[in-house]
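Next come two complexes built around chain A: one with chain B, the other with chain C.
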Partner chain A sequence: MKQIILIAIIAGIAAVLPLVTGESPYFTGVMISVLMMAALSSAWNILGGYAGQYSFGHAAYFGAGAYTTMILITQFNLNPLLSMAAGIIIACLIALITGSIVFRLRGHYFGLASIAVAEIVRLSALNFEFTGGAQGILLSEVSLWGLDLNSKNPFYYGMLLVLVVTLGITLYLRTSKTGFYLQAIREDQDAAASLGINLSFYKNKALLISASLTSLLGSLYAVYIRFIDTSAVLDLRLSIEIILTAIIGGVGTLWGPVLGAVLLVPLAEVLRSNVIGDALVKQGLVSETSGLGIFLKENLAHAHVLVYGIITVVCILYLPKGILGLFRRVK
Partner chain B sequence: MIQHILHINHVSKHFGGNVAVSDISFSVDEKQIFGLIGPNGAGKTTLFNCISGFYPVTSGDIIFDNKAINSLRPDEVCHLGMARTWQRVKPLGSLTVLENVMVGAFAITNATREAEEIAIEQLGSVGLIDYAQKAAGSLSIGLKKKLELARVLATRPKMLLLDEICGGLNHTETETILGIIRDVRNKGATIVFIEHDMKAVTAICDWIVVLNSGEKLAEGRPEEITRNPEVIAAYLGGGYNA
Partner chain C sequence: MFFLQSLLSGILTGGVYALAGIGMSLVFGVMNISNFAHGDLMMLGMYLAYFAFTLLHIDPYLSLLLIIPTAFLFGFILEKVFIHRIINHLHQNQILLTIGLGLIMSNTALLAFTSDPKILTTSYSSSAVHILGGISLSVPLLLSFVITCGIIGILFIFLSKTTTGLALWATSQNREAAQLMGINVAKMSAIAFGLGTSLAATAGALIAPTYYIHPMVGHTFLLKAFTICVLGGLGSVVGAGVGGVVIGVVESMSSTYLSSDWKDVVVFIIFLAVLLLRPQGLFGKKGEQ
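Moving on, here comes the complex of A and B:
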C-alpha cells in the first residue's frame, strides 16, 4: 500500500513537472530519456532482478517494437496504437521462441542465448529490405487523436504512463504467487522445482511480461524520434545500458532501476553535451586552447561510457545491492 | 488392508558406465515411516532424485499413488503430493523465513493471504515462528533444517522424502525433528527417510531398506536390520566378523 502511494506521488510530481519548468524542449527531451530508461530497466528487472535470468539482449525486444511499429505506420498506414500492439506480438514471438528453447537449460545459457538472439535480430534488420537495411526507416507524418505529435509532451506522458504501468506490474508481482515463484527460481532452482514450481513456465511468463513492456517502449521511442536504424534501437550497447542502470540502482528492487535511470541518464547527458568542459572554460579555469582544454573538448564528450564503466565497477565492489541497497536496512 | 503408496519396481540409474542404483525394488505402505539407509555412496540420494523427478531412471518403474511417475518433472511430482527435502539444505536465502514457507504453501493455493496463513501455522508447528521475518540465509543449520521441513509440509504432501534431515544436528535438535516427523505421520502422511546414522533411523522407522553400492542389501524391521550380519559388515567393512 505504501508503495502504491509512493508511485502515485512520484507519478504526480512527474506529471506536473513540464508545467512548472515551462516549455523547454531540451529539458523535456532529457526527461523523456530518463523515464524511458527507468521503464526499460524496470521491465528488464522483472526478468533479471526477480527471476534472476539475466538477459543481455533486451534491445531485441525494444527493436522489435520499434521496427514493427515503423513498418506498419509507414508502409501500411496503420493506426499507431495498433502498430504498437503488433510490436508487442512480434516481441512476444521472439521471446517465446528464445525462452522455450533456452530456459530448459540452467546457468548462463539464457544470458548467452539472449545475446545471440539480439544479434540475429539486429543482423536481420540490417540486411532485409523491408526493414530499410542500413538506411533505417524515416517517419515523416504521423497522427493520433489530433495530438500534436511534433511536440514532446505526448511522449513525455506516454513514457510516464508505461513507467507507472511497469512499476504497477512489478508491485503486483511482488505480492503475488508469480512473484514469489520468480524469486524462488532466482534463489535456488532445485528447491523451487521440488516445491512444485514449473521452472520454464514461470521463466517464460517473466520473459513475456518483460519483453512486452520493452517492445511498447521501443514503439513509443520510434514514433517519438521518427527515425530508427539498427544502431539506434537494436545495438548491444542499449542492452548493456539497461542492465547497468538496474545494477547500479539496485537489482531486484522496485525503485532501484528508477533511481539508476534518474542518476545515470542526466549524467550521461552532461558528459555527452560536454557541460563540464564548457563550464570550466567559461569560468576561466581552463583555457580553451590549452592542452587540457582541447583534451576535455575532444574526449569528455565520449567519456560517458567510460564513466558508466567506472561507476559499475565501484558498485559491484562496494554496493553489490546497488545504490538503493545503501538505504535499506540489512535484515 | 494396508495400501502401498509407493512402488519401486526394478529401478536402475546409470551415469554413463557408472551404476549408481542397480535393480532396486521395494514398496512403501501408507502412513509408514520408512527408512532408507546405507553407507556413503550407497545410492540413497540418487534413488531419491529418481523418485522426486530430478533424474530420469535408466530402467524400471516408479509408481506413486497408483500413477507411474518416472517421466514426470519435479514440480509435477510435487503436485501429486510428494515433497522432498535436501541433504544440503536449500533455503531461498534472501527471502524471509515466512516467505520461504509461503513459496511451499503456494503449491496448494493461489491467494497470497491464504499462503501466509498456512505458512504461519506451519512455522508454529515446527517452532520457527519467532524467526518468521529473518532472512532464511542467516539461520543456523539446525533452524535451516526445520525451515526445510516447514516449507515442504506447507505443500501438504501425502508423502515426504527426507534426505538426512537430522544430519549435522545435535541430540536435542534431532529429537525435535523426529517429534515433528512422528506428528506428521500421525496426521496421515507417509515418510521416507534417508539416514546413514543407524541410531536415528532405528528409533523411528517401521521398516528399513538397506542399500549398499547401489544394490539392495536387506530389508526388514529395525530390530532385524540391526542384527543382520551383512548390514553390519557393510557399515563396518568386510573384515569384521563379530
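Moving on, here comes the complex of A and C:
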C-alpha cells in the first residue's frame, strides 16, 4: 500500500512538472528520455530482476514495436493506436519464438541466445526492403484525435503512463502467485521445478509482459522522434543500456530502474551535448582554438559510452546489487 | 568451380576465426567466463598491426612477434586487476563486467583513433595465387591461414606436453580437483586469459590486411567467436578449431549462393539451431548446458 501511494505521489509530481517548468522543449525532451529509460528498464526488470532471466536482447522488442508502428502508419495509414497494438502483437510473436528456444537453456547460453535472436531481428530489418533498410523510416505526418503531436507533451504523458503501468504490474507481481513463482525460479530453478512450478510457462509469461511493455515504448519513441533506423532502435547497445540502468539502480527492486534512469540519462545528456567542454572553454581554462579545445568539441560527445563502460565496471566490482542494494536486501 | 572457390576461401578465413574462437574457448574452459570483451581485444590486435606497419614499417605478419607477448601481458594484467574478482560471481555479472571492459576499449580507441576506418595495404594485399586453373586464393589470406595452423600446432604442443599446459587442461576439466592437486588455479586463470587475449589479438592482426580497421569492429567478431565456441562446445579447444572453419565456410557459401547481406543471419540461425538441437555443441560433453 505504501508503494502504491509512493507511485501515485511521484506520478503526480511528474504530471504537473511540465506546467511548472513551462515552455522548455529541451528540458521536456530530457525528461521524456528519463521516463522512457525508467520504463524500459522496469519492464526488463520484470524478466531480469524478478525471474532472474537476464535478456541481452531487449532491443528486439523495442525495435519490433517501433518498426511495426512506423510501417503501418507510413505505408497503410493506420491509426497510431492500432499500429501500436499491432507492434505489441509482433513483439509477442518474437518473444514466443525466442522463449521457446532460449528458456530451455541456462547461464551463459541464455544470454548468448537472446543476443543472437536480437541480432537476427536487427540484420533482417537492415536487409529487408519494407523496413527501409539502412535508410530507416521517416514519418512526415501523423495525427490522433486532434492532439498536437508536434509538441512534446503528449509523449511526455504517454511515457509517464507506461512507466506507471509498468511499476503497477511490478508491484502486483511482487505479491501475486506468479511473482513468487518467478522469484523461486530466480533463486533455484531445479528446486522451483521440483515444487511443481512450470518453469517455461512462467518464464514465458514474464517475457511476454516485459516484451509487450518494451514494444509499446518503442512505438511511442518512433512516433515521437518520427525517424527510426536499426542503429537507433535495434542496436545491442540499447539492450545493454537498459540492463545497465537497472543494475546501477538495483536489479529486482521496484524503484531501482527508475533511480538508475534518473542518474544515467541526464549524465549521458550532459556528456552528449558537450556541456562540460563548453563550460571549460567559457571559463577560459581551455582555448577554443587550441588542440585540446578542438579535441573536446569533436570527441567528447562520443565519450558517454566510455563513461557507461567505466560505470559498468565500477558498479559490478563494488556495487553489484546497485544503489538500492546498499540500503536493503534485494527482495 | 564457384563451389570450390568459395569452399577454399571459406576455409582460409575460417582458420583465422578458429584462432579467435580457440582463445575464447580456452578462457571459458579454464575460468568458466564468457568473455564479451573478446571482439574488442581482436580490434586492439588489428590496430597494433596497423600501427606497427605504418609507424614502424614492420610487416603485419612479422609484427606478430611483437603483438603476441604484448597482448599476453595485457590480458594477464586485465585478469589480475578485474576478471579474477568476479570468477565466482553470477554469470550475468561476469558478462556485464566484460561488456563494460569492452566498451572502455572500443570507445577509448574511438577517441584516440577516430571513427574513420583504416586500411592496411601491404605490397601483396591484392595479389592472389591461381591454382587448378580458375581458383584464385588471396595471398594475405593464404599467409594468415598458414600462420594460424602454425600457432594452433604450437598451442596444442604447449597444452599437451608442458607442465603449465597440462595444468591448464586440468583446471579446465575440474577447477576444485586441480586445486586439490596443488595447481595454482589463480595463476592458471591469469595465464589462460593472457593466452586468450593474445590469440584474439593475433587473429585481429592476421585479419587486419584483409579487413577494415575500425574501433567498433569487435562487435561483429565477438558474435562470430561465440557462435564458433557454441558450435564446437563451450570450453572445447578442438571444437572451436573445427567450429571456426565451419563458420568460415558457411559464411563464404552463403555470400556466394544467397547474398553477402544475409551471411551473418545464416550464422546466427545456425547458432540458434545448435542451441536447440545440440546445446553441448559438436565436441562438448553432455549435461553442460
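The rule is simple: the second predicted complex is superposed on the first by the 324 of 331 C-alpha atoms of A that agree within 3 Å, B and C clash if a C-alpha of one lies under 4 Å from a C-alpha of the other, contacts with A are read in each partner's own complex, and residues count from 1 in each chain.
Quick note on the criterion: a contact is a pair of C-beta atoms (placed from the backbone, for glycine too) under 8 Å apart; a residue touches a chain by one contact, two chains touch by 3 or more.
What you see is a predicted model; the values in this text were computed from it and never measured.
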| item | value |
| --- | --- |
| Contacts of A:326 with chain B and chain C, given as first, second, both or neither | neither |
| Partner chain(s) touched by A:188 [first = chain B, second = chain C, both, neither] | first |
| Contacts of A:317 with chain B and chain C, given as first, second, both or neither | second |
| Partner touching more residues of chain A, whether chain B or chain C | C |
| First, second, both or neither for A:308, with chain B first and chain C second | second |
| Touched partner set for A:109, first chain B, second chain C, both or neither | second |
| Touching partner for A:197 - first (chain B), second (chain C), both, neither | first |
| Partner chain(s) touched by A:123 [first = chain B, second = chain C, both, neither] | second |
| First (chain B), second (chain C), both or neither touched by A:180 | first |
| Overlap of chain C and chain B interfaces on chain A (superposed complexes) | none |
| Residues of chain C touching chain A in the complex | 28, 34, 82, 85-86, 89, 91-93, 95-97, 99-104, 107-108, 110-111, 114-115, 219, 223, 226-227, 230, 234, 259, 261-262, 264-265, 268-269, 271-272, 275-276, 279, 289 |
| In the complex, chain A residues that touch chain B | 175-177, 180-181, 183-184, 187-188, 190-199, 331 |
| Touch list for chain A against partner chain C, complex | 48, 54, 56, 101-102, 104-109, 111-113, 115-117, 119-120, 123-124, 126-127, 236, 240, 243-244, 247, 299, 302-303, 305-306, 308-313, 316-317, 320 |
| In the complex with chain A, residue positions of chain B that touch it | 52-54, 73-76, 78-79, 83-84, 86, 90-96, 99, 102-104, 106-107, 110, 112, 115, 133-135, 138, 151-152, 155 |
